[in-house]
Every structure is written in structure tokens, then in C-alpha cells.
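You will see chain A twice below: alongside chain B first, and alongside chain C after that.
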Partner chain A sequence: MPEQLVFAMEVTLNGLMAGVLYALVALGFVLIYKASGIFNYAQGVLALFAAMTLVGIMQGQVPFSHLINAVFGGHVTHFGWNVPGVVAIALTVAVMVLLAWLVQVLVMKHLVGQEPIILFMATIGLAYFLEGVADLMWGSEIKTLDVGLPQGINLWIDETTFNIFGYGFFIDNLDIVATVIAALLVAGLVAFSQYTKQGRAMRAVADDHQAALSVGISLNFIWVLVWSVAGFVALVAGIVWGTKSGVQFSLSLIALKALPVLMLGGFTSIPGAIVGGLIIGVGEKLFEFAVGPLVGGATENWFAYVLALLFLVFRPQGLFGEKIIERV
Partner chain B sequence: MFYREAGDFKVSYADDSQTFPIKFDRYRYYVVLAVAFGLIPFLINDYWANAILLPFLIYSIAAIGLNILVGYCGQVSLGTGGFMAVGAYACYKLMTAFPEVSMFIHVILAGGITAIVCVLFGLPSLRIKGFYLAVATLAAQFFLVWLFNRVPWFYNYSASGQINAPERDTFGIIITGPNAPAWATYLFCLIFLAVCALIARNLTRGTVGRTWMAIRDMDIAAEIIGVNPLKAKLTAFAVSGFFIGISGALFFAVYLGAVEVGEAFGIQKSFLVLFMVILGGLGSIFGSFAGAAFLVLLPVILKVVGVDLLNWPTDIVAHFQLVIVGALIIVFLIAEPHGMAQLWRVAKEKLRLWPFPH
Partner chain C sequence: MLDNSLSYVTDDGRTIGGVVMEMKNITLRFGGVVAIQDISFDIREGEIRAIIGPNGAGKSSMLNVISGFYVPQEGEVLFHGKKRPPMRPYEVARQGIARTFQNIALFEGMSVLDNVMTGRLNYMKTGLFSQALWKGKAEAEETENREVVERIIDFLEIQHIRKTPVARLPYGLKKRVELARALAAEPKLLLLDEPMAGMNVEEKEDMSRFILDVNDEFGTTIALIEHDMGVVMDLSDRVVVMDYGKKIGDGTPDEVRNNQDVIDAYLGVSHD
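Moving on, here comes the complex of A and B:
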């Protein structure tokens, strides 16, 4: 088999894995957009916030220690204990639920009925706010996150492919775990929205706010629920991305990467988010592999957006989005 | 008592269609112009120019440009940073290629080039709407920044990949480079701002502006009553691009002097200008000024209070700034979704009746 083709296969596989990671972030967007029509820019910062909180709890950091030290003097940094990963994750989930409730009570409740652009801006404001709070709480230095996910090259795939093609593929264990986690997450979300009372209520709200209200569904509760679920998805994305590249500011920028994924898949579709993620992941890796060296590299910065743009020109609602019907 | 039309008789069509129909408003406008042109250049020093006045003037131009696109024509754009970069690099290439030509011409040409690029990226807006378009303009943002980073021709093959503004003058007065006097750079930007604001104000009052607003309010209905959506949307992109290009050129050549594209014209810049427009007020020229002033002053004030008065470490102040900006945006959107321009309108309405409100 020609060498280039084997390389391209490896690139494609890695692209699929990267696509899963994008899809993880995009899922959070879709959930909130479907349920409340809010385009939640803060999703990436939610992931950053969740990951930082997780690290902070695990290492027993004192929240706002920098601020306390600056204002009152003193050198408080750590409580001096370490929290095991599972407990820390449970605590972080609790924090995210609390955050969801706060967001609903303090921000979104007051903006019901505003235009989408205003809501969008509010979530950008929220993103700034959360980023500042996260930095103040846990410090802005790069942290390593280790909750026990396996990392490094997968030797089994390396050996198997070496025996077949005479060239060992490099596939990171973490990516495989991430794929499994994403699959579980999606299965869990689908099960939740199909078979539980709250899940059905969530879908009802997504379908029609007023009809949902009139059959006695509490919009307030559903929105808190949706933001909590989005917070949970953000936590999962934060764990995976944080383990992969460290917990730092750039984590919040993956939200921007999730946008073309959403556009491709359509804002309103969970399968769309997955398929869009895979297309973008494979597309940008292959493009970088094939065309990148000719034009100076780093095409990954923009390829996803341009692909999505070209795609939208032919199908303005994305692959799986609801058809946009316009009336006067 | 103020802003009253009573006794302000219009005896000709020209009177009736003035830019500022109310006499008080007109005089206020003349006073602002007189102070800006006649007083401030004599008082200005380097600190005031570089910390507050220049960024305010330049961001105002950008905000007016974006406001035309978002506020008047309803096409949400997140590509402002990229378009400002086009203006900056066009200006740089022109400055280095034609050193003897006046800076005025370079900046205007840079605006024109940006307008063309902006129209190109605006073409999909005929098919794509709303948030889909907002995200599509991100393609412009990332692609343009990448382009200026990777293609050496744009930065004249300099080793650092940066662009540096060489010393250029207009009418014998140095405008760019480290030796430019503060008053000259200030006046240079002010002239552009005054002309841009006047053009924008009059465009938005006229036929073009009305077609933009029709498209914004409901594009299908506008199409049915005979507005050509192609023309309306693309003119909005072109005019907006022209203003944003001018601001980008000034930002690079006059204000910063040296620019690294990813840092100066990144996605953060797009959001900053969008914030100015939204906080100031969508669809209001005055709002663009107010938003720009607010977001230029805020970090300066926070720095003065936090670092100089309270002696906190700069990183904590920087984090606080994020928190405060974020919180302010949310509070503002909740309290007054129509921005500062609406506050101003309400204040005017109150002033009309003051001190006898009944």
C-alpha cells in the first residue's frame, strides 16, 4: 500500500478523534439552544471554569486566595488536603448546578423575551465574568489535570497496524477514552430526554415555550435543569481537554471551534453536533495534511470556518437543522 | 427647556432637512466641534492622547462602521478584527510603496480596499441569516489574520513578522512614527472621525439608510415592497467596511505604530467593538461614541483605582476588569437593552419639559 495513503488513514483516524472532542463542546451549545433559544457563547468558559474548579478542589486550594492575600495580607494558598478524583467531580457537579441556578435567577430570568442578539451578548458578558471569577478563584497559571484517564500511545493499535501496513499508527489512548466517554454521554442524554419525566419536559419546552407553560411545566425549573446539564457536559469536555492540553485560558477558545461544528450540523440537532464535529475534525486534519505544507501551515486556524461558510451557502440551516421557514 | 422645537421656525426645505433639526441640538453640536477642534489640541499631551483620546477616536470610527452593519442593517458580524487588519495592512503596504503620498490618501485608500474585502465576505449574507451569518463572519476573522501572518508579502518580508509604521507626514506635519506630536495625531484622527460621523449620520437619514433599516426589521417584507436586498446588504457591508478599514489603518499607523496581527486584530477586538455598539445602542450614531468612550475609559479608570490607589497586583486588577466588564454588560442588557443611546433619548425627553414636567 502506498505510504501517503497510510499516512492519510492515520490522519483521518486522528481527525475523527479530534472531531469527537469538538462535538463534546458543541453538544452543550445545542442543549441550551434547543431548550431556550439562547446561543450560549459562555459554553467554552463553562468548560474552563469546571476544569479549574475540579483541579482546585482536588488540590485543596483555597478559593480567592490571591485576592485574600492581596487585600488582607498573609499567605493562604492551600487547605493542605487532597480530594480524590471521584469526590472532586461530584463536588464540581454540585458547583455547576449552583452556577446554573445563579445564571438563571440573576441573568436569564430578566432577559426573557429579549431579542436573540441581546441574549447572545449577555452570554458573552457571562463568559467574561466567569473567566474573571475563575481566575480570581483559582489563579490563572496553567494547571495539570489528572483524574486517572490513560494517556500516551496505544500500543495495541500501533502493533496491529504495523503488522498490516508496515507502519504503526499513533493513536492517543486519551482520544479513545474521550470517544467512549462522548458515546456514553450522548447515549445518556438521549436516554434522559426520551425516558424521564424531566427529559420529556425539556423537549416540550424546546418545542414550544407557551404550550409547555400551559400544560404546567415550569420554565424556570427546566432552564435551570438545562443549564445544569450544559454545565455537566462542559465539565466532561473540560476534563478531557484539560487532561489533554492542561487547564488554561485557551480552553475557553474551544468554544469558538465548536461554532463551525454547530453550523455544519445545525444548531438544533444533537446528532448534527456529532456528525458536524467528525466532518470538521477529519476535514481540517486532512486539509492540513494535504494542502497545509503548500501554503505555510496552520490552516487548522481557519479551515473549519471556511468549510462551514461554503457549506452554509448551499444549505443555510446546516445538515440536520430544522428548515428555516420565513413568512411575512 | 432644552431641546425644544417651539419657536424654531423652518422657512425652507433646506432648513427642514438639516442634519440637526432642533436649534439647541445644532448649537450643542457646534460647541462640541469647537471644543474638539479648537481647544483640545492646545491642551493635549502624550499621556492623554495615547491613553484615552486616540483610542476613543479610532474605536468610535470602528463602532460607527459596525453599527451601520449590525445596528442599521441587522447583519451581525464578528469579523471586525479581521477587517481592521485589512485596513492596517493595506495602509502599511501603501505607506511603504508610495512614501511621498499624503497620509490622508493612504488611509482613505485603505478604507476602500477594506470595503471591497468586506463586500466579498458579505456575499454569503444573501443566503445565510442571523447567527449562522455571525459565525460565518468568523471565517473572515480567522482567515484574514492567518493570511497576514503567513504570507510574507503582506509584512514586506520583515524578520519579526510585525509591521512597523514608517515616519510619514501630511502637509509637512509628521503624523506617524515615534516623533509625531500628540496634537497632530489627535487632529488627524479627529478629522476622519468628524467626516465619518457626518457621512454616517446623513446616510442613515436618507434612502440608503432607510433600505438598510427595512432589511433589518424584516428582510422578506422589505423585498416585497421593492427594496433590493442584494444592493442594501452589500452597500451596508461596503460602507461598514470602509469605516472599519479607516479605523484599522489609523489604529496601526497613528496609534500603535507597530502591530503583530494576531495580538492587535484578534477575535477579542471583534468582540470589543461589538460590545461598544451594543452597550452604546444599536442603530444610533451617538451610541457608537458613547460605547467607545465607555469601554476605552473603563480599563483606564480601573487601572487608576486598582493599581495606583489600592496597590493591588496588576494580574488581580486584570481579572477584576474581566469580572466588572462582564457584569456591567449583563447589568446593562438587563436594565437598558437599547444601550446608552436610549438613556440619552430619555434624558432629552425629560430635559424638554424640565423644570415644569406637567
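Moving on, here comes the complex of A and C:
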């Protein structure tokens, strides 16, 4: 087998793995957009907030310790215990649900029936507010997150591919685990929305508010539920990305990577988010592999956005999005 | 509870019971505009009650007051003899008041079956976690609800489109699916907002037959809005007539037909 083709295969595999991570972030956007028509700018910050909260709880940090110390002049920073990963994740989920409820009660509830742009602006405000709160609560230093996910090169794949191609593929264990987690998450979300009472109600609200009210669905409850689910997806994305590259402010910027994914997949489609993520992941890695050396590299920084731009021109509703038909 | 002292048997053998819903001196304003002015009427168990009037008379507003979409500034709504506090629409729906909309509000992305199933949401008691963990119970519940839904689908003769996404259906069938969804909730009171609007003669006849059959077969109490006088007079047991937000007539179709105010409103006598 020609060497180039083997390299391309490795690059494709790595691209698929990266794509899964993009898809994870994009999923959070799609969930909220489908159910409430809100483009949630804060989704990336939500992931940052979730990851910081998780690390904070695991390390037994005292929330708002800087603030407390500044006001009362103490020196508390830690409770002095470590919380095991599973318990910390459960607690973080609880925090995300509480946050979802606060967002609904304090912000979104008062903006029902407003223009989409107003709701979008509200989520921008929310993003900055949350970023500040996350800093104030847990401090702004870069933290490492380790909930026990395996990391490093997968030796089995390395050996197997070496025996076949005479060249060992470098595939990170964390990427493999992330793929499995993402698959489980998507399967769970699909099962939830298809087979449970709450899922059915969620789809109903996404489709028609008035009709949903008339069959006895509380919009408030469903929106808290949707924001909770989006918070949960953000937590999963935060765990994976945080483990990969540390929990820090730049985590909130992964949301920017999700935008081209949404342009490709459409804002309203869960399968679209996944396929879009994979296309972008594979596309940018292969492009870098094939064209990168000719133009001096770093094509990964812009490839996704150019692709998104092309889609905006030729297929604005994305691959799977609902076709926009205006009846006259 | 219901006061059954008023009950009587109609000519075609249906029993009309006591008052299910009573509207007392309802006034509804939007800013300076008075949509409903001091209107009172009642709806009795098992009857078909129509609210009619020319365009802009306040009929739809009245229906929205009953279903909780609007909260009147003055007046009382009594349901089963008890005063109803201001409620949100979903709370009203949970009390057993189902409705359809003038401009069809269906879940366009879902199949007919899924749409009708949403009418059963409030009968699904199993919680989120037991649905995930204890599959058997949730399945039994689903089967039970499916049976009710299938009976209604049969009854309204929409079996052949059970799996079709609603968005693909023609107007008349959509109206019927919406009726099916409302019926799936086994409502104590069914509100129909212009069930015949935009239909051709044949579709109107079908819909009339279904409304009569539903009332007859399930004993469902129905309140409907319509401005096609002919249809209403054939269907209903009693009629409220509204004009410019006021009640100008109330009684059996024959009484209403001979009421001078009603004749004036429909023939257009000048209001000065």
C-alpha cells in the first residue's frame, strides 16, 4: 500500500475523532435551538463553567473564596477534602440543573415572545456573566482535569496497524473514549426524545407552542428541562475537552468551532450536528495533510469557516436542516 | 358537583345534565379596546353549545378566556361549580378542557399518531427515571394509552394516514387530526374554534357528522365557535350570539333565529 494512502488513513481517523468533539459542542446548540428557537451564544461558556465547577468540586475548592477572603479577610481556599470523580460529576449535574432553572426564571421567562435577535443578545449577556461568575467562583488559573479517562497512544492500534501497513497509527485513547461517550450520549438523547413523556413534550414544544399549551404542557418546565440537557451536554464536552487541553478560558472558544458544524448540519438536526462535525473534522485534517504543505500550513484555522461560507452560499439550510419555504 | 335538577332529554334521546362551566359577567379588555363586555352564559353537561356572531364579535376571545389563553379583567369562570382562579393554558388543559384552533396548531414535524398521542401526555404518570429503569410499567402505560388513541383514530376515520407526517396532509384532514388530538385527552369540555372554517361543503358535512357523533358516542360536552349560521343551527342545542363584544341572544336555535337583535346584527342594521 502506498505510504501516502496509509498516512491519509491515519489522518482521516484522527479527523473523525476530532469531528466527534466538534459534534459534541454543536449538539448543545441544536438542542436549545430546536426547542426554543434561541441561538445560545453561551453554550461554550456553559462548557467552561461546567468543567470549572467539576474541577472545583473534585479539588474541594471553596466557591467564591477570593470574594470571601476579600470581604472578610480570611484565607480559606480549600475545604481540605477531595471528592471522587463520579460524585463530583453528579454534583456538577445538579449545579447545571440549578443554573438552567435560574436562567429560565431570571432571564428567558421574561423574554417570551421577543424577537430571536433579542433572545440571542440575552444569551451573549449570559455568556459574559457566566464567564465572570465562573472566574469569581473558582479562580482563573489553568487547571488540570482528571476524572480517570485514559490518555496517551493506543498501543493495540499502534501494533496492529504496524503489522498490517508497516506503520503504526497514532490514535489517542482519550479520542476513542470521547467517541464512545459521544455515541452513548446521542443514543441516550434520541431514546429520551422518542420514548419518554418528557421527550415527547419537548418535541411538541419545539414544534408549536400554542398546541403544546393546549395539550397541557408547561413551557416553563420544558425550557428548564432543555437548558438542563444542554448543560449536561456542555458538561460532557467540558470533561472531554478539559481533559485534553486543561480547563481554562479558551475552553469557551470551542463554541466557535461549533458554528461551521452548525452551518453544515443545519441548526435543527441532531444527526446533522454529528455528520457536520465529522465532515469538518475529517475535512480540515485531510486538507491540512494534502494542501497544507503547499501554502505553509495552519489551514486548520480557517478551513472550517471557508467550508461554512460555501455552504451559506449554496445550501443555507445546511445538509439536514429544515428547508425554508416562505408561502405567499 | 353538578346540579342535575336542570337535566333533560333531547328529542334525539341524549341526556343533557347540569352546568359544567359557567361564565359570570366576563369583561375582557386589550388596552382601551373592549373585546368582551359583561357576558354571562353557561355550558351544560353533554350539550353542544355554540357561540356565534359576525367577524370581530369577540367569539375567539371568549374561547380563549375559557381555555386560559386570556385572563379577563372582570368576572368569574366557574368550572364544575367552583370558581376557577386565573390559570395558565396548560393548567386549564390539565383540568380536562381540550381545544382546537382556528388556524390549526398541530405538531407539523410529527406523524398523525404521535400528534394524537400528545393528547395523552397528562395520562402518562410514570416518571422519567422509572421510564428508563422500569421498562415494563412504562410499556404497559404506553399500550393502554395507545388503545385509547387507536379507538379515536378509528372513530374519526384517519387510520389510513396514521404514520403520515402531518405537514403533508390536506387542510380538511389536518382539522380532523386536531380534533383527534383534543379527543385523546378525553376532555370534560371540548372547545372547537371554527371547526368548519375554510372547508368545502363536503368537508363541512363530514366535520358536522363527526362533531355530532363524538357528542353522541362519548357524551362529550362541546362548545364551538362558528360563523356559518346554517351549520350551527343544525348542530347545536343552545346558541349564544355575540356582537361587538356584547351578548345579544341566548337560547335554542329556533329562539335565536327569531330574535330581532340577532337578525339586525346579521343583516347589518346601522349601530347608532
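Couple of notes before you dig in:
FYI, the second predicted complex is superposed on the first by the 326 of 328 C-alpha atoms of A that agree within 3 Å, B and C clash if a C-alpha of one lies under 4 Å from a C-alpha of the other, contacts with A are read in each partner's own complex, and residues count from 1 in each chain.
The working rule: a residue touches a chain if its C-beta (ideal position, glycine included) is under 8 Å from a C-beta of that chain, and two chains touch if they have at least 3 such contacts.
In this text, all values refer to a predicted model and were calculated from it rather than measured experimentally.
Once chain A is used to superpose the two complexes, chain B occupies space next to chain C without a clash. Of the two partner chains placed by the overlay, only chain C lies in contact with A:198; chain B stays clear of it. After superposition on chain A, the vertex angle at the CA centre of chain A, spanning the CA centres of chain B and chain C, is 90 degrees to the nearest 10. Of the two partner chains placed by the overlay, only chain B lies in contact with A:130; chain C stays clear of it. Of the two partner chains placed around the shared chain by superposition, chain B is the only one that A:118 touches, whereas chain C remains out of contact. Applying the stated contact rule after C-alpha superposition, one finds that A:187 touches neither chain B nor chain C.
In the superposition on chain A, the chain among chain B and chain C reaching more residues of chain A is B.
By the touch criterion defined above, A:218 lies against chain C but remains apart from chain B after alignment on the C-alpha atoms of chain A. Superposition on chain A leaves chain B and chain C with their closest Cα atoms 18 Å from each other.
Of all residues in chain C, those touching chain A in their complex are 67, 69, 88-91, 93-94, 98-101, 105-110, 114, 117-119, 121-122, 124, 126, 128, 131-132, 181-182, 185. By the touch criterion given at the top, residues 70, 76, 124, 127-132, 134-136, 138-139, 141-143, 145-146, 149-151, 218, 220-221, 224, 267, 271, 274-275, 278, 282, 312-313, 315-316, 319-330, 333-334, 337 of chain B touch chain A in their complex.
The part of chain A that touches chain C in the complex is made up of residues 195-198, 200-201, 203-204, 206-208, 210-219. Residues 39, 66-67, 70-71, 107, 110-111, 114-118, 120-122, 124-133, 135-136, 140, 256, 259-260, 262-263, 267, 295-299, 301-302, 305-306, 308-309, 312-313, 316-318, 324, 326-328 of chain A are the ones touching chain B in the complex.
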